[in-house]
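Letters A, B and C mark the chains in the order given here, with residues in each chain numbered from 1 onward.
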Amino acid sequence: MLANILQNLINALQWGSFYALIALGYTLVYGVLTLINFAHGDVFMVGAYIAFFVATFLLTTIGLPGWAALALTIPLTMILTSVVGVTLERVAYRPLRRKGANRLYVVITALMCGLILEHANLAILGASRKAFPPLIQETVYNVGGVVFTNLKLGVIFTAILTFLFLHWVVTKTRVGMAMRAISYDKFAVPLMGIPLDHIIVVTFVLGSGFAGLAGLLFAMSYPVLEPYMGALIGWKAFIAAVVGGIGDIRGAFLGGFLLGAVEILVVAVFPSSYRDLFAFSVLLIILVFKPTGLFGIAKTTKI
Amino acid sequence: MTVQPASQTDTAAVLEINGLTQRFGGLTAVHDFNVQLLPGELAGLIGPNGAGKTTVFNLVSGFYQPSEGEIRIGGMPTAGLKPHKVTALGVSRTFQNIRLWNDMSVLDNIRVAQHGTLGYGFFHAIARSRTYLDCEARIEREARELLKIFDLDDYADELPKNLPYGLQRKVEIVRALSEKPKLLLLDEPAAGLNSVDIQELIRLVRWIHDTFDVTIWMIEHHMDVMMELCERIKVIDFGETIAEGTPELIRNHPAVITAYLGDDKI
Amino acid sequence: MLRRYSVHILLILAGGVLTYLAYEELVSLYILSVLMFMGVNVILSASLNLVNGYMGEFSCGHAGFMCVGAYVSSVLGVFLFAKDKVFGAPLLDPSLALYAFPFIILAGGVAAAVAGLLVAIPSYKTRGDYLAIITIAANYIIISIIQNLGIIGGSRGFMGMKSVISSMEDVVDLPWMPIWVFIFTVFTVWVLRRYVSSTFGKGVSAICQDEVAAEIMSVNTNKIKTISFMVSSGLAGVGGGLFAYVIGYVNPGSFNILKSTEVLVMVYLGGMGSLSGSVLSAVLFTVLLEALRPLQIIKWIVIPLLLVILMQFRPEGIMGNKELGDVFPWLKKFYKFK
């Protein structure tokens, strides 16, 4: 019985780690720009594909051993995925921001960019799925009936480390303070001599970089890649971020793990076709009772 | 809209506020606020910025629910009522920053303000029934009459954003009046007006007060406007009432001067 | 006199021409189906514009309501008037299908409107962006529910509508689907126009421009939002029902977020708050989709790219918030647009 609970807990944490890593990208950008970056889920997908190409290149062309390839793939994936994210910001969002365009237009642009990423992938790489090459030896542990692998532990560990790192960035560094300042008052910040654009780029670097990391880890855990893999996960991670309380990274992590828990629980009890139904329903119900999310702060309108 | 003198038989308070306290988290915006406005009064509410004046108006309008205390309009409590229901009790208002619907004509602004008393609903609107046609005709007629009374009929088809600021303010006041309120709340009507428009505003408010059967309660920072128009003024600072009385009394009241200008002690 | 009814006469003529062309098979089945999809797209685009354009909200799950309407109309029609594997013999005489059809479609619309009501309620207490989340979640939830309803086919889909259509054609030999699509398209535009041009409907615009002022100026904002949402989703359901009968087969996967995005593109392309814009963009978009059919792969790169460019250089869309009568004032002599 206890083993069963622990098993589900570990599965939930692992599954939720992906949501959490993606959710924090949404929440960082929303906190700073009040923009729902609908393309973010697809940035995750791009990250997974980047990881695929980098890993394959390192393994086969260069002939590095698995662990060395992994050690190089992680930073390369994160950097290259950040580039994708920042390019999106520079090319699509910044011109609209400059013009002072209605937020809605930027959101629509984000939605469209996501679609372009998905279908460009489909067009360029074709519909066949890609198999991610194994990078590490997966060892299975069995502790008292609870089964887990080193990879699963690695994923959970990475998520927690990421949270600690980002929490440090947001609360202890100047960049983080600037990010928080922008979320309170976007107009005052440049007046105080803080370069708005730089901070926004940093935000996208962080968000996209960790989405790339999530993509790599996801590809290692579930080694079949296809162009639409980011869409559903992206939507769910976004809703998880909102339920946790968007704009607050604790909210993103809480929301991500909560969603993971809900889905694992549902699949444990019901047929798996009910998973999405329950996931979305639970999230909706939480939103009804706590509209600002679990960690969210209610912002009142002044009249 | 018919013009009526203030009725003599009705002496019940138009607005009654008892023990009103409003807290936003840790901040007490308004504390133990009390007021009684009788029919036909022209009263004022002043105080330094952030004193809580607009909060009081927002509470009366029903935009917030009070933390403590009670508000009654024409004897009816407003507790738990949504703003559009409070308006139906007989209150109407203007806002610190003009809140006209800028992509709708002036005439439409007046007409939409009648939404609570349209007399028809969705299905009549689709079917264009007799009820619909009669109600729409009545609403348009009354709106145009109202505009004519205020010399705004030439601007009926203009968009508010194309009008000079002073005129927009006038339209906003007329829109509020179109609700046929017992109580009209004016939130800093002189804000952003030049001296010519301010004189016009004083004339307008006085004329409204003399001509219509309505109680007016004003928030204002322009002291000359307040002194000229108000019969009675209440002063609040940091949510507390610090003085109340006639304009002359308030003008020389030490607590009021301290609140606005600080005191001599360094 | 002729001038006042010029639009009505024009519409009746258009309907007549369409019927004749279809009956005599003077246009190919392909062109006919494109025209019918055009009609459905007009219904979808115009109905979403009510919420996203006139009311200024951001509803992203319109296809979900389409799905509700599609399934309710399909299942009802097949259950009542057709013989099929799941329900067996038709409950009623198939020759009645012709008279019942509009009600079947409307029933789909009513069901979708109820779904819209359920979605609208949680949105009152939440801020603008949250409607996006709620509608996306609702879209997924609706599809998920249908996928789990094995009795009506689940993910495999549902069919049988073709026999309902043949039953109609047996009674009166006319090309019924083009006729019904035409009638309901006109009906949709008619309902929406009458709604938003009334003072009652202008409350929607007031909520969009300044919700606080609207609420304080006696507009019951929750009620108007609810009504508008129900009308919008109800009409989407009507569109969905017609869509299902035109194809003759329906499956939940056709109503996913991609379909919702198609409708979003049409609304923003046409112009938020412009009924003429929605109609125009629906027509253009349908043509564009067909033109890109041979280039299936890049279809979904071109369309989003189009919208991105639109957002950069002309975010108000083709018509902005104007109607045809504002762009071509001489048209106002024939038709009161606002």
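Just so it is clear, a residue touches a chain if its C-beta (ideal position, glycine included) is under 8 Å from a C-beta of that chain, and two chains touch if they have at least 3 such contacts.
All of these numbers come straight from a predicted model, not from anything done at the bench.
Student: Compare the CA centroid of chain C with every other chain's and tell me the farthest one.
Tutor: B
Student: Averaging the CA atoms per chain, pick out the one whose centre lands closest to the mean of every protein CA shown.
Tutor: Looking at where each chain's C-alpha mean falls, the closest to the middle is C.
Student: So what's the Cα centroid distance for chain A and chain B, whole Å?
Tutor: Comparing mean C-alpha positions, chain B is 49 Å from chain A.
Student: Between chain B and chain C, tell me the centre distance in angstrom, where each centre is the average of that chain's C-alpha atoms.
Tutor: 43
Student: Distance from the CA centroid of chain A to that of chain C, rounded to the nearest Å?
Tutor: It comes to 34 Å between the two C-alpha centres.
Student: Mind pulling the chain A residues that touch 2 or more other chains?
Tutor: If we look for residues of chain A contacting two or more partner chains, we find 303.
Student: Please list all residues of chain B that touch 2 or more other chains.
Tutor: Within chain B, residues 63, 95, 99 contact more than one other chain.
Student: Among the residues of chain C, which ones contact at least 2 other chains?
Tutor: 212
Student: List the residues on chain A that touch chain C in their complex, please.
Tutor: Spelled out, the residues of chain A in touch with chain C are 36, 92, 95-96, 101-102, 104-109, 111-113, 115-116, 118-120, 122-123, 231, 235, 238-239, 242, 273-274, 276-277, 280-281, 283-284, 287-288, 291, 299, 301, 303.
Student: So in the complex, which bits of chain C are touching chain A?
Tutor: It is residues 58, 60, 122, 125-127, 129-130, 132-134, 136-138, 140-141, 144-145, 147-148, 212, 257-258, 261, 264, 268, 297-301, 303-305, 307-308, 311-312, 315 of chain C that touch chain A.
Student: Which of the residues in chain B end up touching chain C in this complex?
Tutor: 61-63, 82-84, 87-88, 92-93, 95, 99-104, 108, 111-118, 120-122, 125-126, 128, 132, 136, 139, 175-176, 179
Student: Contact residues on chain C for chain B in the complex?
Tutor: Residues of chain C touching chain B: 191, 194-195, 198-203, 205-206, 209-210, 212-222, 227, 231, 321.
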